[in-house]
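The next part holds the structures, each set out as structure tokens.
Two complexes, one shared chain (subunit A), two partners (subunit B, subunit C).
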Partner chain A sequence: MSEMRLEDKLGTAWRKPHFIKNPTLRLGLIAGFIAYMIAAVLTIEVDWGRVYEGLDRGAAFVLAFTSPDFVSRASDIWEGLFESIVMTVAASVVGIAISIPIGLGAARNIAPLPVYVVCRGIVAISRALQEIIVAILLVAIFGFGPLAGFLTLSFATIGFLSKLLAEDIEAMDRVQAEAIKASGARWTQWINYGVQPQVMPRLVGLSMYRIDINFRESAILGLVGAGGIGATLNTAFDRYEYDTAAAILLLIIGIVMALEYLSGVIRARVQ
Partner chain B sequence: MLQLKKLTKTYKTGDQALKAIDLEVPKGQVLALIGPSGAGKSTMIRCINRLVEPSSGEVLLDGVDLARLGSGALRKARREMGMIFQEYALVERLTVMENVLSGRLGFVGFWRSFLRKYPQPDVDEAFRLLDRVGLLHMADKRADELSGGQRQRVGICRALIQNPKLLLVDEPTASLDPKTSRQIMRLITELCRERGLAAIINIHDVALAQMFVPRVVGLRFGEIVFDGPPTGLTSEKLTEIYGEEDWEATIEKVDDSDDIEAAE
Partner chain C sequence: MPVLDQNGTQVWRRRTGRESLARWFGWLLGVAIFVYCWQIISDATTWFFVWDAPRIANDIWTRATPPRWEYITQLGRPIWDTLNIATLGTLISLCLAVPVAFLAARNTTPSALFIRPIALLIIVSTRSINSLIWALLLIAIIGPGVFAGVVAIAIRSIGFCAKLLYEAIEEIDQTQVEAITATGASRWQVMAYGIVPQILPAFAGIAVFRWDINIRESTVLGLVGAGGIGLQLSASLNVLAWPQVSLILIVILFAVVISEWVSAKVRGAII
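Moving on, here comes the complex of A and B:
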């Protein structure tokens, strides 16, 4: 290595080294990216005639929000909403309860290798399968209705919560847990004293977030026959009853916002 | 009481942290372990209670080889050894009282500890210890509300409530200011004397070690290169442990003149 001399450096400009050192590669990547963007935009086919016709329907839909109709399908709406809420609460409770042991098992720093592999496998499967696909399968098995929706949401909750819980456990302060172990605590006591206090706020926060997601998903799952408010919404669309659909969407937005606010309050409390 | 025989630790990376350490600590003796960072001090005390698994050798506590115990027996053996940590290692979101009582976890069943229903003698002892270190009024505060010196006092209570035979102390003063460091060292050595406890104290600060302990062991590259009274730590010895440096200022007898310190 050649000696770096101060005299040679003084007066020369200093710039942050580039992330990709090779200039040909760097410029090539930038040019490639721009070319791809242009090509991608060019391949989008837009039938402007169809868009022009659709504007009317879009306008009718948007205008419906100015006069949402909560009344004419009131009983359908409340029934759907009630079903969605039951589905959400039940799926969240069951999903969270199952996620906790799987999350513990999926954290490399506290679980032995075989347990870790199995739990990570469960998480991977749950995350790989999209809710809609699972719902279609479960509707095929259990028939139309909220049972399929409940099972789908529970299954999706496991993948989501276990993974994030495991990651939080892996990022915990090792020494705090070590101190509990050094006192001669059993494994269960070690988890209760050394691990749980460290991950509790995040677990509560994630659970609240997941309840929120489950409610929104329950609206979608109705489209494939898995019950809930989504089924009512789907029917409203099929009948071109945009004012009823608008009423349902407004209710969903209202409930999601209320849940969002509630989870914020709870998270601030447990910190 | 504690005897290390040919204790060796080789990490997976191939680093030999401890090279056949032989050491004997009699009952009630407080010993300071000094040496540069990476000399194996922390590894050595963690090998004693097996937070780190020793590669070979024996760790005899009253004649029982801890290195060969199964997990149940190891748990019981760990109750005999209290540990005090660098950076305190309190569980920050638990209260001071829960942290102190967690030292009893090895003695109570899961449900008792889960419901925080500790036997009354344990609770009384926790109050007594907190009072002894001047933190009784903090019992229901959360650990992360305390200052560094206060946290370390809670750490000391947690170790002592185990009623151990031996204290393993890992850099107790590394994150404290000089005055608090002395108070903590004085508290630890006083409590050891009161209870006839043996202790191994890892410490960076040579002058502080000289002030408070009767025996110093110097570790370098995983080997013991000094074992004797603090007065034996000459310039040459310190050079042998730490490497070339001007040691005169360090070994100059530190005046303990600021003994008039508030209890808190």
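Moving on, here comes the complex of A and C:
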């Protein structure tokens, strides 16, 4: 009896609460997950012999990073990289320029319903289609070359930037915008002085981020013939020239890091 | 405040003369760079194909419609593979991203001088290279197939997950950690009871978010031979079977929309 009382006094020991509180849901999720994992792992065919054979090549590739070869294919690398940068710059400028009006149109507190629906539709289409698929279609339509890559990146930029810009405009402070309106501003003045200052820092930050993404994407568009460094990289892999491939990858990583640093500096200055 | 003296009356200006001159030159430089980039793209383009584009697009459209619906029976397995690539890739990347994130976060890294830069380097280098390039590389190393796709997605996602996760770790509430430390908990116990509960919602959100992105990316991995529905896409494109291509694109679009819906629902339930 005395033992029981002691237990009552102490109560049960604290246990960590589960992440999902409902036990049936939790156990069901775990069971479903395990069942799926078994099914998934069983259906993946792995040729372990082939993987084992490949390990040497993998080691060769990792070693290539210690001695990247920038020199022997320098002109190809330079040409591809230059084209990638050109595509990135042009597509970012055009994409940002187009995505600002669409972003304004896709914000419900600014645009009337018909404009809103059309702009949201454009955003949805642009976001649902993968860059590389768009690139394939555009290459089929416009022919090989950087124009298809440029159009692909511009199209992808519109979906990304318009959506985030519209969300930012929808979350803005109404008071400031109304104050401008109360002073008798025209619609353009209202946008320029009431809305734009509120969303400008974020727009600059997002644009920098998108330039970064566009460069990374431009590195793969070459795989389907849309210009840029991707074609050179693909050739390097196909010829097992790992030192050249490593050099290209290092250049991409370096440029992305530089862009990221630059965007950090610019964002810090704007905010 | 910059004021312009105009015939004795003072006019308010937003910027001083020097500032507006600097701005003007900045814009000029920007426009010049853009025009130069456009010039290069334009030189590399066969304009005849571009003027011909509406006809080609129309031609492709008439060939691609209606989609060959009966082909869908052959797409079951590729979709299952795509789903597996995305899911298993995300799981593997999460396992790898967690330690990297803890090593990269300022408040949990064992050594800010040596280990943190290495962790940050892993994050940047895996993030800046697209999964298609990883797939290309892995196919050269371990051979084509679903497994290469899984590994490519896994490597590519490490940087993304680890970056978001280490930012979440850096933002945790230190008082909770101190409270656990004050009870005399060991380093691991502090981690399990002080840090992990705080970042668990963020972790779940990141996992689902990345899974959604990975579904998109895994649909095109097949273009370079890494399994999934992209294999069917590239096979159909190669034989110019446009009705099959349009059906595959519809299926991909459908998969992307569903995965986005699932991820939005799950994230809504967590947050």
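FYI, the second predicted complex is superposed on the first by the 224 of 271 C-alpha atoms of A that agree within 3 Å, B and C clash if a C-alpha of one lies under 4 Å from a C-alpha of the other, contacts with A are read in each partner's own complex, and residues count from 1 in each chain.
By definition in this document, a residue touches a chain if its C-beta (ideal position, glycine included) is under 8 Å from a C-beta of that chain, and two chains touch if they have at least 3 such contacts.
Not measured: the values here are computed from a predicted model.
By the touch criterion defined above, A:Ile44 lies against subunit C but remains apart from subunit B after alignment on the C-alpha atoms of chain A. Touched residues of subunit A, counted separately for subunit B and subunit C, are more numerous for C. Of the two partner chains, subunit C is the only one touched by A:Arg216; subunit B is not.
In the superposed model, A:Tyr193 makes contact with subunit B only, not with subunit C. In the superposed model, A:Gly80 lies in contact with neither subunit B nor subunit C.
Of the two partner chains, neither subunit B nor subunit C is touched by A:Gly205. After overlaying the two complexes on the shared chain, residue contacts for A:Glu178 are found with subunit B alone; subunit C is out of touch.
Once the two complexes are laid over each other on the shared chain, residue contacts for A:Ala245 go to subunit C alone; subunit B is not touched.
Shared interface residues of subunit A (contacting subunit B in one complex, subunit C in the other): none.
Those residues of subunit B lying in contact with subunit A across their complex are 49, 51, 75-79, 81-83, 85, 87, 89-94, 98, 102-107, 110, 113-114, 155, 158, 162, 168. Listed in rising order, the residues of subunit C touching subunit A in the complex are 30, 33-34, 37-38, 40-42, 44-46, 49-50, 53, 56-57, 60, 80-81, 83-84, 87-88, 124-125, 127-130, 132-133, 136-137, 140-143, 145-147, 150, 193, 200, 204, 216-217, 219-220, 223-224, 233, 237, 249, 252-253, 256-257. In the complex of the two chains, the subunit A residues touching subunit B come out as 173, 175-176, 178-186, 188-189, 192-194, 197-198, 200-201. Touching subunit C in their complex are the following residues of subunit A: 16, 19, 36, 40-41, 43-47, 50-51, 54-55, 57-58, 61, 83, 86-87, 89-90, 93, 128-130, 132-133, 136-137, 140-143, 145-147, 150, 216-217, 219-220, 223-224, 227, 230, 233-234, 237, 240, 245, 249, 252-253, 256-257, 260.
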